[in-house]
Each structure stands twice: as C-alpha cells, then as structure tokens.
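Each of the next two complexes has subunit A plus one other chain: subunit B in the first, subunit C in the second.
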Partner chain A sequence: MKQFDRRDFLKSSAAAALAGSSSFGVLSRALAADPINFFAWSAGVDQVKSHISAFEAKTGLKVAYANAPWAQYRDTLVTKFVGGAPLDVLWVSDSWLPEWAEAGWLAPIDGYRELTKYNAEVDDFSTKSMTYKGKQYGLTYYTDYMGFFYDEQMLKKAGISAPPKTWDEVVQQSLKIKKAGLSEYPMMLSMARETWLIEFISAMVFSHGGRLVDDTGVAVMDDRRKGAREALTWVVDAVNKHKIVSPACVEIGELNGLKAFSSGQHAFAMLGRYRVRTLNDPKQSQIAGRVKQGLMPAGPNGSHATVGWNRFYGLTASAAKNKAKAADAVKFIEWFGGKADGKYAFQKLMFMDVGAGFAVKPLFKDPEIIKTYSQYSDIKMYERQQALARKKDVVSPWFGEWDEVNGTAWQAAILGKSSVNDALKRSADTWNKLRRRS
Partner chain B sequence: MKGLGRNVLLFTASALFLVYVLAPVAWLVSSSVQQEAEITSRPPHWIPRQPTLENFEAIFQAKEKKVTYETRRAGDPATGGYIPSTARDLVPSMWNSLIVAVSVVVLNLLVAVPAAYAMAKIRYIGRSTSIYFMLTTRVIPDIALVVPFFLFIRTFGLLDHLGSLVITYLAITIPFSVFILVGYFESLPDELDKAARVDGCSRLQTLLRVYVPLAMPSLVAVVLFTFLTSWNEFLLALMFTQTPASQTMPIVVASFASDFTISFSFINAAGVLAVVPPVLMAVVFERYIVSGLTAGAVKG
Partner chain C sequence: MSIRAGALRGVFGAPVSRYDQASALWLLAPMLAVLLVVAVFPVLYSFWISLFDLRLTRPHRVPFVGLDNYLEVLQDELFWSSVWRTTSFTLMSVTAIMVIALAMALLLNEEFRGRRFLSAMLLVPWAIPYVANGLMWKWIYDSGYGALNGLLFQLDFIDKYMVWLGDSHKTLALIANAFVWKEVPLATILLLVGLKSIPADLYSAARVDGADLWRRFVHITLPALRPSFMLVMIYETMMAIRHFDLFFILTEGGPAEASHVLAWQVYVETFRKLSFGTGSALAYIMALVTFLLAFWLIRTLGRKL
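Coming up: the complex of A and B.
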C-alpha cells in the first residue's frame, strides 16, 4: 500500500480547499494576459533585476519577478504549484528535479533548439544535473562544486611546503600542525544535518573512488569494494582516532564552517568553491590572502574527483502548455541561461559581482574573469577541479526522505553510536525500500 | 550580618542572571557595528575596535526605482560588498509588518472583545461548546492550513497583498484572544452587569463603560500577544507574499541568509532594528503584562 507522504497531504488539503473556495465562484485570471512570472530564491537580487530591465528593454516583454529565501524555497514552490499560482520560469536545484518532474510541474526543454544548442559549451556534469529520465529540464543558472582549501601560512609555519594530495596526507599534515600547536582541529568539516550535507558526503565518497548509488539506481553505499565505507571510515577516524576534526562537526553547518575557517582556527576546509572570494576578502576574513585552493585529496583507491551541483532555469508545465507564454518564457530562459546579445552576460555578471560559479566553459578564457579571479584565487585550479566534478548520484524522487536517514546514519557513526558498516547498511536499506515503494 | 549575606547573594545571583540574559543582546548590538572579519575574532571583541555604521547606512539608503546594470549594487569585496543588495528592503518590510500588526491588533479587539463579553455574560445554549470549539481551531498546526489558506487567498486575488496577512492572522489570533478575555470577564462580578443594565445601559454601553476599563490588563495582554504574533509570523507571510511591496520583516531578514555572501554583522544589524518595536511595546505596557496574562487563569 502506498504511504501517504507530505506531497500527498498537500494535494489532499488543496483539493479540499479548492472545493471550498470554488463555491465563491470567482474565476481565475487568464494566463496569457500575464507577464512572464519568474520565481527565484533571494540571491543576486540586483543582478537579476538589472538583467530583467535589459530583457524588458530589448524584447518589450514584461517580467514579474518574485523571490523567497533559499532555506524555505522548496516548500514555498511546492505550495505554489499545488495551489496553482502563476509560475512560468523558476530557479530549480538539481536535488528537486526528479520530484518536480515526476509531479508534472516542470516541462522538458528538449524541443527548444534555441536552448539546447548551448549544451555544447557547458560542462558535462552540469547538463547531466539538469537531465532526468533522458530529458533536459533547463539551462544552467549557476554551477559550482565542493572545493578543498588550505591556509598556506599555517602550513608554512608547520614546515609543510605543499598541500596534501591524498586523504592520508591530510591526516599526516594535520597531526603535524596539531603537534606544532597551531590548531586544535586542523581540518574543518561540516557534518550538520542541512541541505549541504549531501554535498560534503558525496565529495568524500567520490574522492575515495566510491559511489552511493550505481548507474542503475541501486544502492551501493554499503558495498565494501565500491561504496562509501572508506570515506566514512576516514571521517570517523579523523574525529575519534586522530582528533583532527572536531566532534562538534555534526553541529557545524556549511556557513558556520566558513566563518570558523575564516577566523583562522583551521588549516584545511571543504567548502563550496565560490566561498574562496569571501575567505580572501580582508573585510570578511581573518585569513584573507592566505587561502589557496588545492585539488580534492584522493583516497587510497580514489581520485581528485569532487561533487558538483547545478541550479538552473526551469520551464513550468503550465507555461509550456500555452504556446505564446512558452515562447516568451523560452526567450527569457535564453537571455539568462544562454547568451544575451551574443554574450554569456548573466553568468559573467554573477561571477564578477558575487563570485557565483559558471558552467559555460568559454568564460574560463574571458580576460576580465581571469583578471578578477586572480585577485583572490587561481583560475587554473578552478577550471581543473571543475573538470573533475561529478553530479550527485542520489538525486531521485525519494531523495528528501532518504537524505534524512542517511545524514542521521553518518552522524551516528561519527559520534560512535553505530559502526561504519551498520550506518551504511541502514542508509542502503532505506534507499532500496524507498526505491521499491516508488 | 545574616541579612547582609543574603542580600549579597541575591545581588550576585541577580547580576549573573542579568549578564546571562543581556549578553546575547549586547553581542547583537556590538556585532552590528563591527566589520564582518572582526566578529570572528578570538577572543571576541565586545567593544568594536573599528566600529562601522555601514550596515545601517545600507539599510537606510534610498531605494532605486529601477535597477539597471548601472544602478545595481555590485558585490565588490574591496568595498564591503558582503552587504546584500536587498538591504534597502528592510525598512519598507518593517513598515509592512507594522501596518499588518496594527491592523490585526485593532480588528482583533473589535471582534474579540464583544465576543468574549457575550460568551462570559450572556447565557445561551452551546456557550461552553462554542468557547472550546474556538480553542480547538488552534490545535490545528499552521502548516496544515497553508494550502487551504493559499487557495482562498489566491481566489480572492490577495496574493502578494498585505490584506492576505491581516485576514489569516486574524484567524489565528482571535480564538486565543477570546479565550483570554472570556476568563477575565468571567472573573468580574455579574452584579456589575446587572447594575449597569438597571441604570439603563445597553449591552454595548455596559461593555464599553464598565467592562472594558476594568479589563485593561487583559486587553494589554491581548494587544501584546496579537502584535507580537503578527510581527514575528513567518510561514504564512512566506507563502502569501513574494515581492518587497508586501514582504514583511521576517521574510526579508531570512532572505539575507540566501545570498552568495552572507554577513552575520549585517544580519545582526537587521536584528537590532527588528527588535526595537516589540521591546518598545513591552516597556510601555510592562506593568500590565503579568497581571494581564495571569488574569482569569485561576477562578474562585
């Protein structure tokens, strides 16, 4: 018997309320007369508004731009979809794609050649992150990956001349730094239960040569040969055996981790790549000018692979149904996710203004971008690591439910409340159960 | 000597408690005038070494009518670009919050006071049931009401309109307000009601001239409860508003943590401004608060 999940609940309550509200006999407005309804989370607001102004001036079309905070964005959009709010184009996280596509809220863009032509210049993992069941659902808004950073000055003080290339070297160098009294917990790792956790876990697993789920969608995280065992064991040992990562890591979210690293308490950190701008800004960081990016350390059987993520412009199914509206929406998506007046204007604007990452490869050759980035980091390293980024393998319609169990299981292992094997088995069993149920 | 020791102990305990309660507020204020890098100093700088008002300046700067490439606020790290471009939305959002909160307070009193008086002083069939029925509506969690509310609001064309918040907040606050006031009105002697009626007062006159003046502490409690609920409410405001024209303070503050650069010192500056109205209200009505909240809680 199918269980009653949160989305079913929302739909049921919507149906009940719709029955009630329809008794008032108020007709909904016709879609076609509306402007392009664009919904996003509240990031780069002025950049978005300025690019909308240019779009309106160029095309004569009107855009109704609205936003909500990132942390509540998914719930807000689910309510708006269920409630039939006017939505045409929206920012979508790769993590929500299967859920929203299965619900019929998003429309594929494969039929719009003016959009898919940009795939040739976009990083492969980024396009894959926008693809579900063989269909592409949007154009990239921003793309980034989990980066490995180190405080060059602290390493030098400890007599270390080069950053670690492997996770074993991270342990050795951390112990040296710890012994020199430079840091109590040299490695900063965020393992708090939040949306970032899966990015940290995936980066650890990929760099150890493992997978959480294989290409057929079967859980392999508990497989001793190709799973996540080595990655989780490294974290557990780092906390409990070597004591180079604080046990409080289970309470430290990505943002607090950023602030802790920027205060000079740690030598190494895993953070979103774009954070390097903040880390090397004297107004925001105590270690400005000292932070360098290294390749993600490799596990014994792994590589320098990391996890990448993608946020993209999605076309709603309701807009796609209306030919005129769809045509306008596609123009809008191209203006933002593709080229505007022959240039990747918006990606460049976001990079220059707020440091947001991009997936369009030609921008790595842009002189202005190279010059700007060189003020706070190394663009060669940025590009080199991005080429090794992979999409998350656990994105699925049941991702949200599984993610909660998986996060708890990893935390239990880190805190010594469960063994590594038990934690991964629990995670795998939950995945398989949810997969069967769907 | 024994009394002195007791006083010293009491003073010390009170001072410690005061520090415990006020330290977070002191840090909120202090960090709001620090640069982002300074708030991560170890040990923390309770007194800023390089105080700055740039967070507050960003909040109070004039709003651009139309944002273009030329007028946008670019996040240049060299010039304190960590302040979000939406900083200037905070003051309008506080104004929106104030309009909603005051409207809800006024409408709430207009509905709840006569309702509570009627329930407390007029005997009719189903009186107790109606009181408890109203209260049971508050047992339903707000999250369960979001979608039904959303559909009604959309049907009435009130999405992204302050009216949507006033209507829904009234639905949330009126039952509790009635419950508080019924308890208080019941604690006042029925003889007052009868005497006023004998002297020729109508029901409305009895309410306004006799009971309302006597019920001032509980009315203040209702006002405070309603104002603070409306001022701080997040979930429904999140769902029903989507542009600065109607977004309230909690939504705009939450959006400051959504951007690529997130500044704790800026968020704390926003927090300093956000607590001012509730604190002012609490100070003004302080003497009524405790008596109002406990009034009617114990009946003889």
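Coming up: the complex of A and C.
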C-alpha cells in the first residue's frame, strides 16, 4: 500500500478545498459575505430583530445589528465614524443630519430610485427633514410631532365646552380652571435642559407664526415681527404673570411632564403626539380615557402649526463607495423604510407594538391602524395636525453648540434673569457667530 | 555578584547590588509600561490635542492653533462665572462636610448604646453609587411629587409645594446638600480614626489639671486631629472641584446657568459640542487650578501636620 506522504497530503487538501468551495459555494458566500452593518438606538429591539430575520430569509443577505442607548447615540456614532468602524446603514435623527453630512459620513440616496419613489407617499415635512442642501439622505423610520392635549373632564368641570384654539384662550381657560380650584398650574410645559427642549420651543414659535431661522439660514429669532418674541413672551407671562405654568417648568423634562399630566395635575399639556397612548392607558395614567388631542393653539399672528421630527435610515458614505455593499444596503433600507413584500410592514409593526408615529400617508387609511388608534385617540386629528407639522428650522452643523446657549437663554428669561429681548438677542448672536465660523 | 563602593542603599541602609537594581527594574517594568500607556500617554496626548482646533464633527480640518484654545477659554465669560460657581459649591460643601463629619466622629467616639448600629447606618450613603444617589435626590427634590415637598407639606412647614432645583437661588445649595450627604461618611471615618489615635492619658491628665470639656476639645482633640482634618479637607476639596455626576443628573447645568460649574463645562465642550481641542484646554486649566490649590493647601496647612 502506497504511503500517504507530505505531497499527497497537500494534493488531497487542495482538492478538498476546491470541492468544498464549489459544493458549498452558495452557503459559504452567505456565511462569509460581509454582512450589512446596521446600527440603531435601542428602541423596538425585538421588532427590529424580527424584521431583520425576515429580511435575511428573503434575500439571503446577512445583517450585523448593534445598538446603543439614545442618550449616548450621537457620541457613540461620531466616535465610530472617526474611528472608521464598519457601518453601512444606521438610524439618524434629523437634528444630526447636517453635522454628519458635512463631515462626509452620510451619503445621499437621490441616486437610488427604488428608495426615492416612496417620497410620493410620505408627509412633506418628513422628506424635508431628511434633506440637506438639496440632497435626500434617507428613508423615514419614525416620524412624529409635538401635540396639544387636554383633560376633557377637567375642562367640563370648569364649564368649558371646547378646547382652546388660540394661546390667548389657553390663558383664559387656564385662569378659569385655576379659579375653580381644579389645578394650580393648568398648563404643563416642559422647559428643562434636555434634547426635547428645542421641540417645545419650536412648536411654540411656529404656532405663534414665528421662526428661529429663515430659509436662508439667517437667525431671525430676535426679529420683533417674524421671530420668537411672541412665543417666549407668552411663556414668560404664563409663568410669572398669569401663573398658569409652574415656575418649576425649567426643571421638568418631557418624561416628568408626562407623569405630571397623567397624574391629573394639569388641564393642558404639550407633549410628543405618541404619548397619547400612554395618557389613555389605565395602567399608566390616572386620567386615562379623558385625554383628547386638540390642534396646536395659534398665536395672534400664527396658525395651528407645530414642529415635527423625523428619524430615518441613513446610508453611510463608506457603504456607498462600494457598489455591491451599497446595493445590499439599499435593499435593507427599502425593506425597513419602504415596503417589505409590498407593504409598509415595519412602520406598521412599530406603530402597533410601541405606538411610534409614521410618515407614510397610506397607513392613515389602514383599517387595523384606525381600529387600534381609535381605542385611545382620534386618527383624524392625528393626521390633520401632522399635515401642519414643519421641520425644525435650526438644524445645522452647529445646532448642538447653539442649542446649549439657546436653552439657557430661554430659561434665563423664564426665571426673570434676563429680558425676553436680551435672551433672544443672545441666542441670535450665538447663531450668527457659529454660522460665520463654520 | 559584586557590590560596588558607593552603590545605592536600600530601605534599611543595606547596600543594593547591581543585580538587585536590575531585577527591581525588570519587575517594575510591566507596571511602568501599563502606567505609560494608561496614564502618561493620555495626559501628554490630551495636551497635544489642546493645541489643535479638533472638532470630531469636522474630522477633515484640524488646524494647529497653539495656545488659542486656552486664550479662548480664559476670555469666555462663562468660564469665569463657572469658576465662581465651582468655588461657591466647594466652599459650601467642604465647610458642611467638615462640620458634620467632626460632629459625627465625636459622637461615634463616645461609648453609648446603639453606637455600632449608628456606625453601620452611617456607611449607607457611602455605599450608594453616585448615579443612584443623584437619582434619589432628583426624586426627593422634584417639585411636583418630591419627598421633600411631601414631608414639609405634611409637617405644615409649607402651605403649597415649593420649586426646588428649578429655583436658581437654591440650586447650587441643594446640589451641595446631596454631595455632602454622600461624602460625610468617609470624612467621618477618617476623622474617627484620628480621634481613636489620641491617647486617653492626655484627657486624664487634663481632667486632673481641671480642664473642662471645651478646653479638652480645644487643647487636645483639635490639635491632635489636625493631620486627619487636613487630609479630609484636601481630599474633599479636590472631590468638590471635580464633581460632575450630581450636576449631570440633577440639573444638567441649569436652570439657566445656575449650576454651570467647571466640570460641567468640560463635559459640554468635549462631549456635547464634541470640541476636543477646547475641552482638553479647559480640562488642563481645571487640572492646573486643582493642583495649585492642593499644593497651596499642603504648603500652608499641611506643614503643620
């Protein structure tokens, strides 16, 4: 019997390798292929995982999914980008888009018709929120807006038959409720220094007919006619003159505001629209069944406009450079942000499971969604207010830096440490300085 | 192995051979390498960074600016108001810690029923992590449903709920209170150790000489306690200047700028604005101030140890 020498061993090894590579070609490609690196914040993790599994089964592609808490998301991602970590698709907040686009970390998706075709069915402000310098950078994952809510029962007890349509009416009705001894501070406003503050501020400013920054990017918040003066004056007066908003509003964050309103301490509240599900849930709210959504009250020169926000699937510049990788990433983005098997499956899943808002208009007609939403709120009002939502006008590469100063300036005015004009001038000066520097 | 005349001498004066010197160096080498990597290199590198306008969100343009970041920080009004707030916070906190810890240590130095239980209870705040401590105080101070308002209201001290952290006149003092609560146990233990080391004979002799309680405290306890006192004061001063956790959890520097201290400013510059150049410069200035203060404390007060 011939001995199995070193040469034979090498020959047979090479043959085995060749056979293996051809027989298990498909499998090995799937296993060894570079996965789509998807990074998100830790929301709806189970829903994301199940939708990824469906994607993998459908396409044979692999996805490496990782997440980080929302509070540390921006820092984590910036560090990953700078460090060159593998990232292909990620969740992006509209607030960070200019910063990340300017840094060259995100790639526009305008060239991918399979993604942009969905714009026709998406709310306009949502698409605008994903657009920077004329280029679209993603497909929506979750969209919502700042809503105005009231405790219908408390209003009735005070002899009020209809919710306020204007901010003046909010004052009048609040004073009536206060006089009736139903609430010490009928209006709940969260003005604590946190990421939500700019949404509260923007909603107040937009509904008063003002702007913080105009379309050319120039600060107008200190402009007497078209700025934020009326909005900030209303807040300052509500706290200090009418005493319908608690002076503690500067320490009340969005979550604490939700708790305070759901404990029955207030008649009116400005909160993220999606909070209505919690507010009317008997397990989580003492005023369940009594909370209704009204249109955002209008200022003397304003409208029922509010601020909307958008979170979307972004394609990284590094993925876009690699044609094969980009093709896979685009399939993934469409599966999540567009339609999967002909349906807006993921957006519906997130709405049904966690109450997350959506920007794709056909879902407003979905019988299952209508039925579910009617259990705790009015879908017509949801849709009507969303149509009046606007994107934040201050989103810019220097937004983070300016936001620090602006939040402080608004708080200083509320606390009486500076005048409304001085606060807005400080905010505008900082904006202009940062804009010049960049 | 040979021992050269005039060679190094060890702790007990015995000459140290070349072999021992080399062995010591080799044995210390791994730890020195670790220290170089985890301590010396980051310190030097952060100084290097402080000389550049490094913004993480602008990775392709990192100009060398020399000492401009330092000048920018020193010309910033917010920096100087932060220095003032940090000083106020430190003075308030350290004074309160020293007074309360001394009183607690004197109490626990006496023999009485329940002393051991009280000693064990004293350790509870120390055992609580800073973040948990911050969240607990956030709940206590909450203006809507906080325990402090609930207690004062039930005791009829107030007729309606008060605004605590949201009142810029009270904010710093309230944060100092939470800091003191956490720091007093360690300070008490350190002072108690000092108290235990005072010979009982001194007190007996003073009693024989007719010294009353106050005189015994002033002429025996306080001088003997000075080393522990200095140690605690220097340690707590450093802790107060650098403290960040409670500012982050309770107020995020607000309301307005009421709790915007130096440590918070370093965080904002570095991790919110992602401006590592000015953040590093600020951290260096803060480290230098802390070092100089510690040096001064040790030179002026510590020499009496």
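Assume the second predicted complex is superposed on the first by the 405 of 438 C-alpha atoms of A that agree within 3 Å, B and C clash if a C-alpha of one lies under 4 Å from a C-alpha of the other, contacts with A are read in each partner's own complex, and residues count from 1 in each chain.
Simple rule for what comes next: a contact is a pair of C-beta atoms (placed from the backbone, for glycine too) under 8 Å apart; a residue touches a chain by one contact, two chains touch by 3 or more.
Not measured: the values here are computed from a predicted model.
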For this session: Check the residue A:Arg277 against both partner chains and state whether it touches subunit B (first), subunit C (second), both, or neither.
Result: first
Exercise. Once the shared chain is lined up, is A:Gly400 touching subunit B (first), subunit C (second), both, or neither of them?
Worked result: second
For this session: Answer with first, second, both or neither: which of subunit B and subunit C does A:Met146 touch in the superposed model?
Result: neither
Problem set entry | Contacts of A:Lys417 with subunit B and subunit C, given as first, second, both or neither | second
Exercise. Of the two partner chains, subunit B (first) and subunit C (second), which one does A:Arg193 touch, if any: first, second, both, or neither?
Worked result: second
Exercise. Just subunit B (first), just subunit C (second), both, or neither: which does A:Val82 touch?
Worked result: both
For this session: Please indicate which partner A:Ala298 is in contact with in the superposed arrangement: first for subunit B, second for subunit C, both, or neither.
Result: neither
Exercise. After superposition on the shared chain, which partner residues are touched by A:Ser263: those of subunit B (first), subunit C (second), both, or neither?
Worked result: both
Exercise. Is A:Ala71 contacted by the first partner subunit B, the second partner subunit C, both or neither?
Worked result: first
Problem set entry | Common interface residues of subunit A - those touching subunit B in one complex and subunit C in the other | 79, 82, 259-260, 263, 265
Problem set entry | Residues of subunit B that touch subunit A when the two form their complex | 35-37, 40-42, 66-69, 71-78, 80-82, 84-86, 144, 146-152, 154-157, 159-160, 238-239, 242-243, 251, 254-255, 257-264
For this session: Give every residue of subunit C touching subunit A within the complex, in rising order.
Result: 56-60, 142-145, 160, 163-168, 251-257, 260, 268, 271-275
Seminar exercise, completed: In their shared complex, subunit C is touched by residues of subunit A numbered 75, 78-79, 81-82, 99-100, 102-104, 184, 192-194, 246-252, 256, 259-260, 263, 265, 397, 400-401, 404, 407-408, 411-412, 414-415, 417
Problem set entry | Residues of subunit A that touch subunit B when the two form their complex | 10, 13-14, 16-18, 20-22, 24, 26, 28, 39, 41-47, 49-51, 53-54, 65-72, 76, 79-80, 82-85, 255, 259-260, 262-265, 274, 277-278, 280-286, 288, 349, 352-356, 376
